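The letters A, B, C and D name the chains in turn, as written, and every chain counts its residues from 1.
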Amino acid sequence: MDLILVNIIDGLVTGLLLFMLSAGLTLIFSMMGVLNFAHASFYMLGAYFAYQISIALGFWMGLLIAPLIVGVLGAGVERYGLRRVHQYGHVPELIFTFGLALLIEELVQFIWGKNQMPYSVPEILDFTAFAISGNSIPAYKVFMIFTSVAIFIGLLYVLTKTRVGMIIQAALSYPRTVEALGHNVPLIFMGVFGVGTALAGVAGVIAGPVLGTFPGMAFVLGSIVFVTIVIGGLGSLWGALAASLLIGWITTFAKSYNIEMESILNGIGISTPDNLDESIFRDFWSITSPQIADILPYILMVLILIFRPAGLFGKRSS
Amino acid sequence: MKSITKLGAVSALSLIIGASAAFAENIKIAFIDPLSGPFASTGTNGLHQFEFAADYMVNEKGGLLDGQKMEIVAFDNKISPKESLIQLQVAIDQGIRYIAQGNSSGVANALTEAVDKHNRRNPETRVLFLNYAAVDPALTNDKCNFWHFRFDANADIKMDALTDVIAKDESIKKVYLIGQDYSFGKAVAAAANEMLGKKRPDIEIVGDELHPIGKVKDFTPYARKIVSSGADAVITGNWGADMLGLGKAIIDNGFTGPIYTYYAAGSGITGAFGESGKNKIRLISQGGINPIATEEARATYEAFKVKYPDGNIDQSRIFNVIGMLAEAITEAGTATDVVAVASKLEGMEYESMWGGKVFMRPQDHQLIQDMNVGVHTDENIDFDYDNSGFGVFTESTVEMASMDIPTTCEMKRP
Amino acid sequence: MSTPALELTGLKKSFGKAEIIRGINLSIGKAERHAIIGPNGAGKSTLFNLITARFAPTAGTVKLHGEDLAGLEPYQINRKGLSRSFQITNIFPAMTVFENVRCALLWSQGYKYSFWHLVNRKHDLTDEAEKILNQINLLGRRNLPAGTLSYAEQRALEIGITIAGGADVIMLDEPTAGMSNTETDYITDLILTVTAGKTLIMVEHDMSVVFGLADRISVLVYGEIIATGKPEEVRANARVQEAYLGAALEADH
Amino acid sequence: MTVSDPRIDPKGAREDEQITTDPSNPVERMRSGSMTLSLAPWVIAAVVLAFLPMVFTNNSTLTIMNQMSITIVFALAYNMLLGQGGMLSFGHAVYAGVGGFAAMHIMNMSDFFATIPLVVLPVFAGLFGMGLAMIVGSFSTRSAGTVFAMISLGVGELIAASSVIIVAFFGGEEGISGNRTYAQPFFGVEFLQQLEVYYLTAAWVVIAAALMYLWSRTPVGRMANAVRDNPERAEFLGYSARWVRFYSFVASGFFAGVSGGLFAINYEILTEENLNTASSGVILLVTFLGGVGYFFGPIIGAIAFTLLQTVLSLSTELWAFYAGVLFVATVMFFPGGLAGLIMMHVPVFKLGKSKTLIKPYLYTLLPAAIGLLGLAALVEMTFHFRHAATGDNEMTVFWMTFDSHALIPWLIAAAVTAIGLGIAKVTAPDLREAWSEANTAGGKS
């Protein structure tokens, strides 16, 4: 029972982190109709910049400055890259972001080398906040939860309560009309892209010390962010939140409990074959939930796409 | 159009390949390992150690035979079996007769089969495969062949030594096994189960699980289970980012016991663990670095540090590869007749500067050597890793580990 | 009386709460030229889309040659001999004019999903496509990408694609929309020639086209047909005068 | 708003890059007009392939050419989806991989394998790739666009992940290996030597490419283009867009499987890397680099990329960096890919004005190339300066060896870069002018 509580907290941390990435990605998507494959690369850049800044100015300055740099870079990518490719259509746009992701990974290796960076939790947060039957919850995790919730509330406030937010929401759905009303839509696009990537940057800054700052960190997270927003429904912020938390908890619980395929199959009335060792399905029978925890989101996505192509909260199918 | 492009491309290709095939007097070793991509750091560090060892142990002492120099030719296999096979072919075409590789048993497996086939199909250009780090036991058991020599202890031998050490520690009652879900991870788990069962039947295996390799973002849930299981010790064969992620998560979430590992040192990992891993991370390896085994080794390491201030000698067996190969070539009196060289290599007894005698067992071409279990610490460290002040200090040694471990190898000699 | 080419019974369509088509009963005989007119927003295009299964009806049935079309996909309806054009030009802009027509021929010529015929070797296809190109006067544009044609030419091509499949019921959605007078005359003549002997159902705003072409006219206002009959009858109908002309005036000003 | 819909926006795309191999456009009509002319490229390709081994006798060149051939077949199969069908797949490696694994298992069924000649093995591999494509295609081809792309990503990840779990079929991390020489000898040839394998692969690449080309000329192949451009219109012409996509997908799966079978013959081992998302990504890069708008685009892409991967990586560790730059530059500036670049010149040739371009090209592209090489040298030097061993100051760039810690080489490289790119910048307007001159004078381009 205690472990369940611990798992809920861990899953929440994972889910919220994922949400910081998927929120930006889904904003960018609903605006430009482009799945930005390089989104996780901006997350990685956030971590590396923050590491570099933290050496000189400490963790907190890194948290402040690194996302700004990432956001400016993101805006630059929109202005000088995507906007140019946009005229060729959606597929080249998507492929552009795909190539960009590869290039950023190579650039990071070029600058920082291939080893993991010793980027770590600031000392002020390096203690155990509380423990539940021997399992300690580090203070940094509590900090992560609060930061991501704060960012979500801030984002929601800006989008729904401010004039800028109204214009953005309108521009998402009716770019031509908004343009006709005298707003600079390309500027809004650039801004939203910048903010979206900056959000990814924040995620990188706070995840870097826990999940490691290394050149493969974008790749590990990259496709799962897509899976999240597809499950949630493309373009839906609430969907992104729900899917992020769902994935966070599913993967956490699947890893925490050894559920065996054999017991599931037996449970639904299929009995174990006698000569399992010789059966060609032997590997299938012996699958356990931790083994497949991280591919569960993909299974979920494929099922959702088959039966409800619009995703959990989505309004349109594509 | 297509044909013309292809023609142009291929002429450029043969130019590049041909240009590097011009010299033949050096004894060349093809180093086929990842030099780009996610595993590049391990590969590059290995390459540096090979290059340094060849220069320091052979070339600066006047070379081999009639003054021939030993040259390491680097090939980037991007840790892909397919690329490795292409690069193997390129290396053979350049007249190279010695292939060194270590990262990934999958690649080693592809290479050893390809070398075997090549040597059977092309007796005039036979090559030897010097495996310095791939530890899948099968390579010197079911899949052994005459051309393959392994200079690292295989996973079973390491586990044998590791469990010898654990068996002596009475405070360990519960052990948790966790590893990557692939052949090597499974081999580690199987060996641990079997050997602990034999040596310490009272130890309870409280967890035995595999996680997807290279896919886990956050190891926290695994760490929770380990802590909750009440384990006194953890054994893992993880490497790379999976090692670091798992180790950090276990420590951060309140585990205090020893974590026995295969690969938690060097390549940034020691640096990244730093203070948090002190006295917790244990490592099974060969070669005495702290305390340094011999004065010769100290001089070697210091010379290495001058050349690579950021580098580590974390695979001291590479020096054994160069030393033993040099000796075999000298004894055989030829570098081109690889069968003669191989015959000298098998059964060779060699005095390693990293401590102890090593023996290339002729039955399976597995090098038998002393195994050390060390602890991650910053005390009494002569040579640290990653310039972090932390290194691995040897706590116990198993001499000539698994000298008589059985092998299923049926060696076919030409 | 023989089975009508197209028969609509109690057809209804709602989007959310808004009922756009409110129960339409209409029967169109074989080889009849039938025009549907009505003010903007009366639901003419929606009606077209209901008939061709672009939308699913909320209630009612559509029968083609006496056969219920419920549950069929657009391509299945097409195979039964009903072909349509679109209000907004809907061609394959990247393909050549010739390819556009040839693609439209493939199914009806029996090639289906064949991967054992080479289209270039099939002279029946080439000849038939060129015959249609000749009919729509685009033979000279044969090898240009369709997207580079002028607007009127693209409309002509669209008609060509629509008739190419040999369907006997042709539905044209505002074929002359946005055209100059000369262009309109040209397209009207074209429609007359290519649909000879076939059932034609068209939505049209231009009254001169309607009265020049149609055998019968239906007037659709707010999702209901208020009158159906010969042009002169409809013209004389008081309700039409009132409802249609009134609404049309509103829409125009 | 249509989301990442793979059909090419008719207004946005340039005319020259969206016309697929089209029999009725003037260039190709000329060819298809007479039998001999349309056969010519194939005959030339076959003859060249037959004679290449006499020019390049060493095994490694043969190995690399085999690798090219495998990639060519795979990239062409991929382009049946992306270029001709407008379906963007992120997991196409699984069809090649599963075909290859099946071929490997057949190789290991010694009794059966001994009764078939090795040359037909790729057919079996193709059938398995096709079978998998039929299963997956039955639900993934319902729509194109994002839904298709994401299903392909999901299925790709699933199969790649199961390759280490389902050991019985995929052999885990070590993969499955076999021995091609156990097949029934084919007219006495046992395929012991690389040269024999080369001829087998070369024959297959010509056959597969020809079949795929012919496919694009069949009714279902033509309708694939139609569905890509305008699925709705195609539906109102009697074709189910879904079934057209399904047929393309299945055919693509077959040829991908063939490439997997060729892989199995060449390397005699199949591993997880044949299935993973990285391989799927690479084939996307290869195809796009070559150009999706033309049938021969993927062929050029496969050749260029294999050279980058195998040959450039012998010369520099940074090859992936250069590949990334090349790729992004291609998407940004030449979305038609290398093939588009080549086909841009067709109108000029037809106008007989190609000569007027030689000089401006020389004046702009040559300095630009030199400048870019200078830039590459600077990149290499920076890399060496940062990451090489202390004391190891000597480095070699473009066959010149020098001290990377001395000032002079830096100055020279910087000067070469600045001057080269500077001249190119100055002469670029002339080139632009010459280009439009060469294109417009004859009227329509």
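We take it that contacts are C-beta pairs under 8 Å (C-beta built on N, C-alpha and C of every residue); 3 or more make two chains touch, one makes a residue touch a chain.
As the structure is a computational prediction, the values presented were derived from the model and not from experiment.
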item	value
Intersection of contact partners for subunit A and subunit B	D
Core chain by centroid distance, with centroids computed from Cα atoms only	D
Centroid distance [mean C-alpha coordinates] between subunit D and subunit B, Å	36
Subunit B-subunit C separation of Cα centroids, rounded to whole Å	74
Distance between chain centroids, defined by C-alpha means - subunit A, subunit C (Å)	48
Subunit A-subunit D separation of Cα centroids, rounded to whole Å	31
Junction residues of subunit B - those touching two or more other chains	40, 181, 212, 215
Residues of subunit D whose C-beta touches two or more other chains	8, 13, 161, 165, 318, 320
Pairwise touch network: line, ring, star, complete, or other	other
Contact pairs between chains, per stated definition	A-B, A-D, B-D, C-D
Residues of subunit B that touch subunit D when the two form their complex	1-3, 5-7, 9-14, 16-17, 20, 35-37, 40, 48, 75-76, 78, 80-83, 85-87, 89-90, 92-94, 104-106, 109-110, 113-114, 117, 121, 136, 138, 181-184, 212-213, 215, 306-309, 311
Contact set on subunit A toward subunit D in their complex	29, 33-35, 81, 84-96, 98-100, 102-103, 106-107, 109-110, 113, 223, 226-227, 230, 234, 280-284, 287, 291-292, 295, 298-299, 301-302, 305-306, 309, 316-318
Of all residues in subunit D, those that touch subunit C in their complex	8, 10, 13, 15, 18-20, 22-26, 29, 32, 214-215, 217-223, 225-226, 229-230, 232-241, 243-244, 247, 251
Subunit B partner contacts - residues on subunit D that touch it in the complex	41, 44-45, 48-49, 52, 55-56, 58-61, 63-65, 67-68, 161, 164-165, 172-175, 177, 179, 181, 192-194, 263, 267-269, 271-274, 296, 299-300, 303-304, 307, 309-311, 313-315, 317-320, 342, 389-392
Of subunit D, residues touching subunit A in the complex	1-9, 12-13, 82, 86, 88, 139, 143, 145-147, 149-151, 153-155, 157-158, 161, 165-169, 277, 281, 284-285, 288, 318, 320-321, 323-325, 327-328, 331-332, 335, 379, 383, 386-387
